[in-house]
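For reference, chains read A, B, C and D in written order, and residue numbers begin at 1 within each chain.
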């Protein structure tokens, strides 16, 4: 059905590259082998790049640090756009004061902290402070007691009409080559269904993620969507979202979508990347620079 | 829009009465006040009755015992039809041997035990016995560690293609006048969505619940659907299910559907009971017998 | 993953065989080649059989006639259980008088006609007779003006709270080897979504279809579910429905599910037939009788 | 629960006003009575305004002309942002050449025309030109034969893996005080469900609609989201979408949401406008300017 394209020749055609993180740059075992060469090449060619990720469990600084521990120093916090940053922007614009109750680890809540707002885990909401709760946010599947705190969240949301933000649209995430974990996005969908209210979701494939990155770039330079390419491993988030926003897209086969079934999946879902590559690794020969 | 009917004059027209349990016979506070008189009247008039309930957390014997503790001795185990009984019938017919892994309390699993089958909580499934697991059943929201065991269930179902039975179709259940609890049916829906496989659900409004009761009766007598009326407090389960099975239905306003909004809800959902009554209590005067 | 079973040796184990029609007994080109031998064998062995079909567009008599034209005289009207028959039973039990407005051909409405009821195409509903409409039924995708009559149905159902019955759960049906047609079940789902009310659906995989057939048999003989096997070509309707009702099932590969992808589909959906056969054709040798 | 706010005092706080069209500025009877005064006031106060509408059935020029016929000359084509404009942008960026097959009137397709592209109604697609079809767009519920052309669309999309754009997210639209029409967004959802592929939807509540308007403004001036307010009559599109994009919102009660049930609907959906007003009409006294 479709040829496999050369990743290097693709990025040569664009000025700015958006990368998904998991399945493109790193996997459970650490970095995708050889991916440092891609970032060397981007630096040499003076191309800009951003990591656009649905991971709201940690701040950009913490996410960048994790790459540095693996030896990939090219990814600095200012290069990372996460769904958590959209959550923070929303709270800044729409929730002026009071308590923001959250489901997640304390770390996941820190970078959401905003001048007038006070974040508090759901477990600490009680009859005394319930009146002050101005929003609920779903940040991470860790850091709380699922049974006690999910039931508490359901009953809080039945009583109060307040914004509910889900900072991760994924329903599950990979944990090891064989296993996945239920993600906070999947838990949030169950609770949304039970309370019957509309939650606000931030994350790919929603175009607001791409807009946020696009806007950051336009703060200091002029750019058109034709100069940007989105690189991802998941058809339903990276490719669908990038494409809907008007970007060209590259599907890589190092993560969610496997070499053996990418054709079947593209036909079944109707989600078509502009290009398909084995990986996002740039193979550098002697003459590449 | 609609008159409120007299419950006694309705049951006079039928030979067999199906009752939902929660919101019709009992609430959080115990029995619906005066409901004993209904069962006295049914006995005096020689009417048959069955409790048709989505509660699979306990056996009919245990459910009956709970009524007896409240002083309602008229409800004996043979009068109770639960979604757990359909689960047991399914396992008898379709899962001959091996392990049935369950989510729920040990009590909820006891009455599922069948000659050739061995029930084991999900927490005790490991690499040694995983091969023998022939079915997974969702019985109760209590009795297990939500985070650990739900993730374990997801990964078990990703690896094995086996029947999955959900013995309760409800997504939440009432806990107190103000609060609800997430029900095992809601949890199962989240996991079904994540693993992408079809689960088998037993419980109202599915007609199999009504068939099971109807069949039990027909084992010893001849009966037509026109002789049976279903009494319930929930439009989406009791009334929709009874109606689809071809039974006349009575909506009572002592539970899920409130006197102040039953008309709005009937119009909004399009689910119409044959009758509407304040409660299932028969007001007995001196001349009633 | 799975062996291909011998169809003859399977039916030898059961007393009653339920067959799906399309994809099992017939296709666009006419009868499945050799299928007459299966019915000869069933007759010789004195096995009972029923055709259990979601086709509500014609009466059992008309459906049987179509088999006779192809030369398959073994299928008589009393052997055919259709979702239209459940619709008729529902109307008999729950809609005593008035007009039943329908979407479909005049033929599809004829066998729904009941003593006290008057069927009328949606196109003939107007301000004068609208008050008398007591139910709406979706029978067939042919016989009406989609644009005018679907809009008319939406507005009728916004104004009236009456039972709506969908006599076919399929969303599309095969028309030729390459093409499908939108089925009345798909159209009904769109309208249900727009008006926000619950429709009553009859058809596989709902157990009421199987119960109807099971009950017909029990009128004249004793039977257990273990004596019946359901033969079908579609995992989501025939196999899921039969299995949930407690029947053993045979997936045949002459229709919806293809030899090249049945394993993938079973794993993806988690719907497992008891047996898998190339077709429902019994290959008769000299010693078979 | 909530006060009714004064519309004039609200718009005094913002620099740019986004208006929904139907239910806010016009209804079936023509303009909302007195709405001209609002636009006079906006002109006098030098406030900017845009009409942000899911109506893709006509070009901004044609939509503006309709207001002019009613005597509202303040609304010029450059003030109108429609979901059709996002469709055009998508085609410009992502579909370079070939045929764009459409469902809708010829007028709805004209303004989609792009240099390299050729629009053709679905009815004119045949075996000769099918290979050249590069995208399918759903524009309007009028201008085609529902039965023939929807079935043709289903079969085209089963054979080709190409982008499908739905230029209107609504499932129904109001036609008269009592009646609605099925919208192209509802029809598209039925077909998406049947073919099992992901369609690209443009329209409120999706943030891309708001981004498009926001970007247009930023081409010639600096603006922050805090300076903009979105005025609409529908919670699920105008208010949810505006709020998610970070804008303050005004719910007006002249359209979809009625004075008698706005409180119930806000509580039930959890979608909260920043303000609630009887209408978007500015009542001008002598001292207002």
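As a working rule, a contact is a pair of C-beta atoms (placed from the backbone, for glycine too) under 8 Å apart; a residue touches a chain by one contact, two chains touch by 3 or more.
Not measured: the values here are computed from a predicted model.
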{"item": "Those chains which touch subunit D and also touch subunit A", "value": "none"}
{"item": "Between subunit B and subunit A, distance of the C-alpha-averaged centres to the nearest whole Å", "value": "41"}
{"item": "Separation of mean Cα positions, subunit D and subunit B [Å, integer]", "value": "45"}
{"item": "Multi-partner residues of subunit C (each touching 2 or more other chains)", "value": "none"}
{"item": "Pairs of chains satisfying the touch condition", "value": "A-B, A-D, B-C, C-D"}
{"item": "Residues of subunit D touching subunit A in the complex", "value": "89-90, 93-94, 157, 161-164, 195-200, 206-208, 211, 225-226, 236, 240, 243-248, 266-272"}
{"item": "Residue ranges of subunit D touching subunit C (in the complex, touch as defined)", "value": "141, 145-147, 150-151, 154-155, 158-159, 171-172, 178-182, 186-187, 189-191, 193-194"}
